[in-house]
Amino acid sequence: MTIFEQAPNTSSTNRPVKLVYFAWVRERIGVPQEEIALPSSVVTVRDLLHWLKERGEGYEHALQFPEVIRVALDHEHAEHDEPLGDAREIGLFPPMTGG
Amino acid sequence: MTIFEQAPNTSSTNRPVKLVYFAWVRERIGVPQEEIALPSSVVTVRDLLHWLKERGEGYEHALQFPEVIRVALDHEHAEHDEPLGDAREIGLFPPMTGG
Amino acid sequence: MTIKPVIRVQANDFDIAREIELATAGHPEIGAVVTFSGICRDDGGSLAALELEHYPGMAERAINEIALQAAERWPLQAITAIHRYGRVTPGENIVLVLAASAHRQAAFDGAAFLMDFLKSKAPFWKKLIARDGSDGGWVDAKESDDEALQRWSAAEGFERS
Amino acid sequence: MTIKPVIRVQANDFDIAREIELATAGHPEIGAVVTFSGICRDDGGSLAALELEHYPGMAERAINEIALQAAERWPLQAITAIHRYGRVTPGENIVLVLAASAHRQAAFDGAAFLMDFLKSKAPFWKKLIARDGSDGGWVDAKESDDEALQRWSAAEGFERS
């Protein structure tokens, strides 16, 4: 689902990225994935989490404690202080419980 | 094979025991097992090893280094300073290499 | 040594005997195979099923990276890791990890390392489905699982042949 | 908990999948099964076979004692140990050890402990049969195998759930 038109702070946007959500992050946000154009003010993973959190109730609920959210840039784990760089797909999810 | 009559130092004997040999101990002694009447001077595992060693060439070859021989009294591992007690079956073998 | 780990993320069950056969075929130098199978517990009868979610694409890639790390660390001739997704009921397999080596300690360590990393570094999540059909919520990550990883960065422990 | 280890000393091969099935049946609390299989290596092509000798009666008893020690030390729901005797050719199984628990670490530790003790405390001996049919002599016990036992009497290491 493309929601370019809903994104706040889009005065100066970067290229769109694909956000993918899993487990309770997905359930709370309410969609499994979306294309979004990030404002240029969003540089790091942490910036993204805080920016997303303001997008509505579901986001607020999912990202209430942003520090617990795990993030993958193009399928690679990323720390919260890492820049998003030119990642095309960004995954957001709770701590993993495989095995 | 019963070899009561061959045993040296049988002036005062205990009850006979069954000796069982494995791996190169068996190959060197030349029989897999034998019944033997131990003299009462043979009290510990170590006594047994040294006494047996004198019984002939095969024994001498098998028990050349008695300290490496492992001994089981009625299927239980025994240290060399342990008394033979009333063990009925005594196993002699090299260090184990299972698994 | 270059080994090619066998990594699969699949809905279906797996056959451990077959995976051992595949992993060891053509490797006459393998003397030790360790397998770990993770099985769905019934939580004292309260659990009807687990719903396993994963991040397609990333899951395979993350497990493959862990497997390659294991292969760098221990002399392993074969590594297999299979993780299921979808609904799994008590008694059913969830995950298989296999490590094969000439010697037992490398096989044990390789398999334990793989499992520890898979538990908290591969993108899988478990939801509980209760006996009455209700959503029992997502399984919380255990701190002990993160702690489990730390031993692999500490002193190596038992490096014997 | 009282568990009854399954101990077998046999000439025939075993079926790992079947042993896992038998060990876990009726135990819905089992979440982790670790198997170790020891396989006959070919020693770079020079080995035709191993001839495995054992002390009948004592072998079963010694393995059973080791298994009971493992069951006292870790919360294990099932333990299986099968050791073959007689002639075994490269690629064939020699030994299987299986430990099952609610949690993975107990299963890993239980299986590793069993193998370490089995290697140097169970009365089995291996003779090498060379490619040309000649007697290649008895395998020497390794000091590293005795050392392997020592870690189990030292501080416990990683006791996590």
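Note that the chains are named A, B, C and D in the order they appear, and that numbering of residues resets to 1 at the start of each chain.
Basically, a residue touches a chain if its C-beta (ideal position, glycine included) is under 8 Å from a C-beta of that chain, and two chains touch if they have at least 3 such contacts.
Since the model is a prediction, treat every value here as computed from it, not as a measurement.
Steps from chain B to chain D, taking the shortest chain of touch contacts, total 1. Ranked by distance of CA centroids from chain C, the top chain is B. The distance from the centre of chain C to the centre of chain D, each centre being the mean of the chain's C-alpha atoms, comes to 22 Å.
Averaging Cα coordinates per chain places chain A and chain D 49 Å apart. Taking the mean of the C-alpha atoms as each chain's centre, chain A and chain B sit 76 Å apart.
Rounded to whole angstrom units, the spacing between the C-alpha centres of chain A and chain C is 28. In chain B, the residues that reach two or more other chains under the touch definition are 99.
Taken residue by residue, chain C touches two or more other chains at 38, 104, 115, 142, whereas all remaining positions touch fewer. Pairs of chains meeting the touch criterion: A-C, B-D, C-D. Chain C contributes residues 15-17, 20, 24, 28-42, 44-45, 90-91, 102, 104-105, 107-108, 111-112, 115, 142, 144, 147-148, 151, 157-158, 160-161 to its touches with chain D in the complex. Within the complex, the chain C residues that touch chain A are 38, 52-55, 57-58, 61-62, 83, 94-95, 115, 118-127, 138-142. Of all residues in chain A, only 20, 22-24, 72, 75, 77, 91, 93-99 touch chain C in the complex they form.
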